[in-house]
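Okay, so chain A shows up in both of these, paired with chain B first and chain C after.
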Partner chain A sequence: MKKYILIIIVIGLVQLYSNKTYSQTLGGGEVHGSFQADAQYYNQDTTIGADKIPEAIAVNAFMEMRYTNKNFEAGMRYELFMPQMQGYDSRWKGNGFGYRYLRYKNERVDVTAGNFYEQFGSGMILRSYQEWNLGFDNSLDGVRVKYKMKALTITGLVAKQRYYWDVGPGLIRGIDGQLSVNDLFNKMADSKTRLFLGYSFVSRYQSDLDPIYKLPENVAAEAARMELFRGGFHYKLEVGWKINDPNASNNMIYKGGNAVITELGYSQKGFGFTLQAERVDNMDFRSNRASTGFDLPVGYIPAMTRQHAYSLAAMYPYASQANSQMGLQATLIYKIKKKSALGGKYGTNININYSIANSIYKEKVNDTIAIGQPGTLGYKSKFFKVGDDLYFTDFNIKIQRKINRKWNISFMYMNVFYNMFINEGHAAPNVYANIFIGDFWWKFKPYNSLHLELQQLTTKQDEGNWTSAMLEYNNRGFFAAAIMLFNQGEAGKSNSSVYPFITTGFTRKATRISVSYGKQREGIVCVGGVCRAVPASNGFALSMSSSF
Partner chain B sequence: MRKIKFVLMLTVIAFTLSFTSDNKRSLPTENVKSLDGKIVSTSTFQNDGNPIIISFWATWCKPCVHELNTIAEVYEDWQEETGVKLIAISVDNSRTSGGVMPMVNGKGWEYEVYLDENGDFKRAMGVNVVPHTFLVDGNGNIVWQHTSFTEGSELELIELVRRLKNGEDITKDENK
Partner chain C sequence: MNKKIIYLVFCVFVAAMLVTTACDKVEPPYMEDNGGGVIADTVRKVLFEDFTGHECVNCPSAHKTLEDLHNLYGDRLIVIAEHVGFFAKPKAVPFDYDFRTSEGTDIATFFGAFTAPLPKGMVNRKKSNGSYLIDKAEFGTSISLALDSMPTLPDIYIQISATYNSTDSIIGVEVKLTALTNLPSGKYNLSVLVTESEIIQPQKNSDPNIGNVPEIDDYEHNHVLRGAINNTWGEEFTNGVISNGQTFTKTYSNYKIGKDWNPDNIHIVAFAYYADGSNDKVVIQAEQIDLK
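On to the complex of A and B.
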């Protein structure tokens, strides 16, 4: 086995470093893929959850290749965690082919055997996906068939779900239909109004070996959706429900689950607005009823909040609560016209966003049963009644303007409320924080630029105030950056800490190599022209990625 | 044992292939979704024989938005000069995809924009991080790709488009 792995790696390296062979073809077939490797040497550091490891160096790497020839396709991904970098689940440790598939497709039929990623509608009752840098992969391993007709596409699948180097115990069966109503009737073909309808059904089978409870072995979930477009307007609605599914995440209650996600949007040139609402009640759906955390989710309930790309703005992110949440999000984007008094020469972009997440209302089923008591119906809820617990709020406004050919600046203000127990699972005071960000780009030559990013987070709770400054230099594919993050520590205590970090590297075509040294928190880092989720680390790191 | 055979088979294929080369890569066929909900096959991407830029981006990705903003300022000139078309593929998932249309219109981008919520096209193109930009020639072959966006990347991009438009083979480029 190891021999083959070696050969593949050698081929990969040959491909990466040969400039002439941009792609490989034979008999009309092609081979393409991508590669990424991250190696980290750890310094002694107990404060950030990334201390020294016995192996000294941790390496995460993958190489994915796919071969396509007319209607046929085969692909695989070799993955290596030797050992896994700090911050990744220890169950990743190991190496092997975590993903492989065969696929045949033509204009009507698309059949996949092996691993695949799939999403029904918004993913409410079925979504499998991969986030390599977050150490997440719940790909389905089985057979999927898609059949496409003019107005209707049907997808059917039978699979088990990937669980680190194994598969989960539950068997997933699913079917989905997506109908384009306009394509169904000739009269409507050219209508300005476009309507889409969809329906999906997913069932999980897991045998009941529970000594106490009689559990449903087949758990069914359904979802129906519609999307409507007219002019600048769009409206989306998805409604889903699930039969009783006592599981580890809902404390073994026999209540059924339901969820509603809806979105209304309007936009025209220079103006965009969206309003989204979500209500989720006991909808945590996994392919193993004993799993919690990030293990084996079948359904995907999105956090209806902005995904921030500034490190301090992303410091307190909302964790979606699939068993109880009512959320609302509004976003407004406006561009003040260029060459106007307020807009300046190039115009000014304004982006305002507000989101709030709350618990759902719960009351006792009857006088003798406590709310959420295992083995009972758990609780009763009223659809429109908001629960008592506030989980999260985020108000943020960002203004960006290109001053002239050389200067581009933006400012952001954010106010966040973060419920500690809900989002992190431990009792600590809830966080109220204000965040101020200034972002300055100076393009002093056509290919040379300096980028200064200043961030300040103020809060009386948790770890107190944070300050971050980043200076970045870019010249064609080359980049170098220094980040200084400072934590004042909790009020009244002298436990401040400093996180110095330097990084440099270059990008050439689709290959990128970087080295870095220093201490960094877990989070998102945007440097050298890309954004990446990074784990906490202190030490020397080498990173490489390529597509071919 | 079956796994090993499969690996062996693929390895042999890959090994043979790595010694042949014709510098061209065809655009993979996957389905993406237009902003008005239509399912569109990537095989229908065309621009009357002119070059196409395909840019993978996301609403939360600052360098991506910076790239599309920067190109938006000169897009009209680019189109007039070279006939190039930019197709922006959003890799936003269902959490953030609702923000795609407001952002595209709010910022006044004139690009053709599609959603790739399930990441099918992204995987077929071998995209690991965004922004990832591809250049497709008039015959639908991918002839160049690049990750990341920094100031001035747009100048290199349009230079390549010009050379492509002039019939040069940019896949043989050693320096870019």
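On to the complex of A and C.
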């Protein structure tokens, strides 16, 4: 019965949305928007640890609309978590308008009142953003003013931060200036070298009612940045500081924080590389000093690691550590020329990437204070000295070649080290894994293709080896895929499990609808080093998205 | 044009400097010195429920925070440690001791602590920022709000007297409630619970400043909820308006303690709370005495 209801809903929505994929006009203005709904039916399945939920079906959905008329813009987003899908924070449960704003914008001035997303530089001291698939939204709710001149853009804001269906207790004040040096001096206007400078300042006010600690009520953070481009080269540097901010994530220590992120890159046709380095020391900055986890981050420290798309390559993702992290990443892209002996008719792409993340070095402030002791400076650190704990390493190489007009194949190898305690917060042996992936596209007729993806993960730790095979058929917008995932289980134990999964759907214009059925493993989803645990599930799922 | 830009850049920096000077660099000592809690009888007290578990690695640091707060507020802070959920399940030796109680499980389930990541605390069963449960870093602030931001004189004054019969391990308790103000019409409940301190059992730990990591073999578990003398949610002591000076007395005579409980370390905790309306479950006043 439930199956039929789902099918009817699908057909209904297809008809509703298939003819609404262009913008609408209303009173001389334009209306744009998007819609997404994901529903999952949960069956109990003790073999993979999947649970039922009392409501049986969980639905996450949103609809966003934006009205623009000349210089005026207004928008809002209705969100629904009834209840939230498994793995999303239970505080999302509910529905309502979680986001609304008014905006006036001309060439010079841009004023927003209500909710908005903003990022200063790389986001080190201020980044508000939304990741629907993570169940993450730290939008600012207040007033933002941007003033644009030829060379300089100044942004100022005062806001509180969204906290599920409420706002957090801290008040955020920020100012940012972005300067294009080339536009400032006429002499440099046509220079091949382009230079951008930026500076930002953010302060959080939160009252101190704590009876034990003398807490700073105004906590300031600053960051300065530069970006330089010349020819194929680019260089970026961003440096940030934060004054004493004893908080839940640093265990109430009074040390200041600092962070450095730098990147050097080069690219030309068929060749490119980037080198990145970062060092982060006590920079977890939130609009509530008592918050941890996903709650109320103001600053954003990216994970300097590759975000993998293949499911087994993404099995052990790195979670960024804003309080202690030293990381390096190098990426090399090279294309072996086409019509050469090695490169083949269409050339061969090689992509090599390596990243490593470590703790920073910490030593005692003095003989009487233990490292990290609450109510003290906590620790001292030497800038260039690497800490003892290895958090993560990832070496991966991908070779991709188009053989002929019908065949496109790629192979990937990856070696990963994953510190369990740091990334998942529980004591378990660290994981050393090797991953092998083969990816084959066969376009056997125009607009018709078969896609085979084979993956193998080998490790002696955690849940042992995994094997995955996926076969997908594509015909214009239509797709159907079957995935078979197999877990051998821990060495010496007979706890293997199989996760069959089928999915089908189509994409038409800006609408995508898919239905799937099967088992999904417990796992971790990360976007930019921010990670969410997803429990195992078994059941029907329906997903649709559309924009207009 | 360029002059204007340079002027603006200058303005931004001046503005930033002004704001920068408005930030609070705290100089040592970083800890407040409030000089201990008030020792008086008719004083407002707070009920703090500590949701914990012997396998919860971050719980010892929460206990440390509570200890610091106890040093500050003395007897005005009444703690009940409720071992609940995943982290409290008995596991293989040495984590085979079962601290759980059905009352603790019911309370934790009602307030959402049963499935929450621990440690979590709850002050006077009152919501703050839309949630009953608070994180470790909010313990101090929430307790301060419940004590320092409220009149020192409680709305209800609670007196407990207890007897212990060692031959058959029976506890007898009398609780007398005296209203010190007028309270609106409604249902009012009294809960009487039994807790025990100085239970030596292992505990998982992640903080090297507190003890061995990852396990402390001989951890001292304090204020552990052992059971309820008058059921999980207590019993109604009145339904109606309470006027200043009004008294209520409740007597319980037949509570048998568990075999492995040490009567020397047992406390009796009693608290009065609103049992209906918008303040449903909110604790009005709490009191605690040692059994012996």
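The definition used in the following text is that the second predicted complex is superposed on the first by the 505 of 548 C-alpha atoms of A that agree within 3 Å, B and C clash if a C-alpha of one lies under 4 Å from a C-alpha of the other, contacts with A are read in each partner's own complex, and residues count from 1 in each chain.
Methods note: a contact is a pair of C-beta atoms (placed from the backbone, for glycine too) under 8 Å apart; a residue touches a chain by one contact, two chains touch by 3 or more.
Model, not experiment: these values are computed from the prediction.
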Worksheet item: Is the arrangement of chain B and chain C around the shared chain A a clash or a fit after superposition?
Response: fit
Practice prompt. State whether A:S545 touches chain B only (first), chain C only (second), both chains, or neither.
Written response: first
Practice prompt. In the overlay, answer first, second, both or neither for which of chain B and chain C A:I212 touches.
Written response: second
Worksheet item: Of the partners chain B and chain C, which touch A:F273 in the superposed model: first, second, both, neither?
Response: first
Worksheet item: First (chain B), second (chain C), both or neither: which does A:F196 touch?
Response: first
Worksheet item: Given the touch rule stated above, what does A:F97 touch, chain B (first), chain C (second), both, or neither?
Response: first
Worksheet item: Once the shared chain is lined up, is A:P446 touching chain B (first), chain C (second), both, or neither of them?
Response: first
Worksheet item: Should A:A341 be classified as contacting the first partner (chain B), the second (chain C), both, or neither?
Response: neither
Worksheet, complete the sentence: Chosen between chain B and chain C, the partner touching more chain A residues is B
Fill in: Geometry of the superposed three-chain model: angle at chain A (Cα centres of chain B and chain C, steps of 10 degrees)
140
Worksheet item: Closest pair of CA atoms, one in chain B and one in chain C, after superposing: how far apart in Å?
Response: 17
Worksheet item: Can you list the residues of chain A that meet both chain B and chain C?
Response: none
Worksheet item: Which of the residues in chain B come into contact with chain A in the complex?
Response: 3-4, 6-8, 10-11, 13-18, 20-26, 28-29, 36-39, 59-63, 69, 73, 93-96, 98-99, 101-108, 117-120, 123-132, 142-153, 155-156, 171-172, 174, 176
Item to complete: Going by the contact rule at the top, pick out the chain C residues touching chain A in the complex.
Response: 1-2, 4-5, 8-9, 12-13, 15-16, 19-20, 22-26, 28-32, 34, 57, 61, 65, 68-69, 72-73, 112, 115, 117, 129-131, 134-138, 140-141, 143-145, 148-149, 207-209, 214
Worksheet entry | Interfacial residue positions of chain A with respect to chain C in the complex | 90-91, 149-152, 154, 163-166, 169, 173, 175, 177, 179, 184-186, 199, 201, 203, 209-220, 222, 243-244, 246-248, 251-252, 254, 289-293, 370-377, 426-427
Worksheet item: Can you name the residues of chain A that touch chain B in the complex?
Response: 1, 4, 7-8, 11, 14-15, 19-26, 29-34, 36, 64-68, 74, 76, 97, 100, 105, 117-119, 122-123, 127, 129-130, 132, 153, 178, 180, 194, 196, 227, 229, 232, 234, 236, 263, 265, 267-274, 276, 300, 302-304, 306-309, 331-335, 346-347, 349, 351, 402, 441, 443, 446-449, 474, 476-477, 479, 507, 509-510, 512, 526, 528-532, 545, 547-548
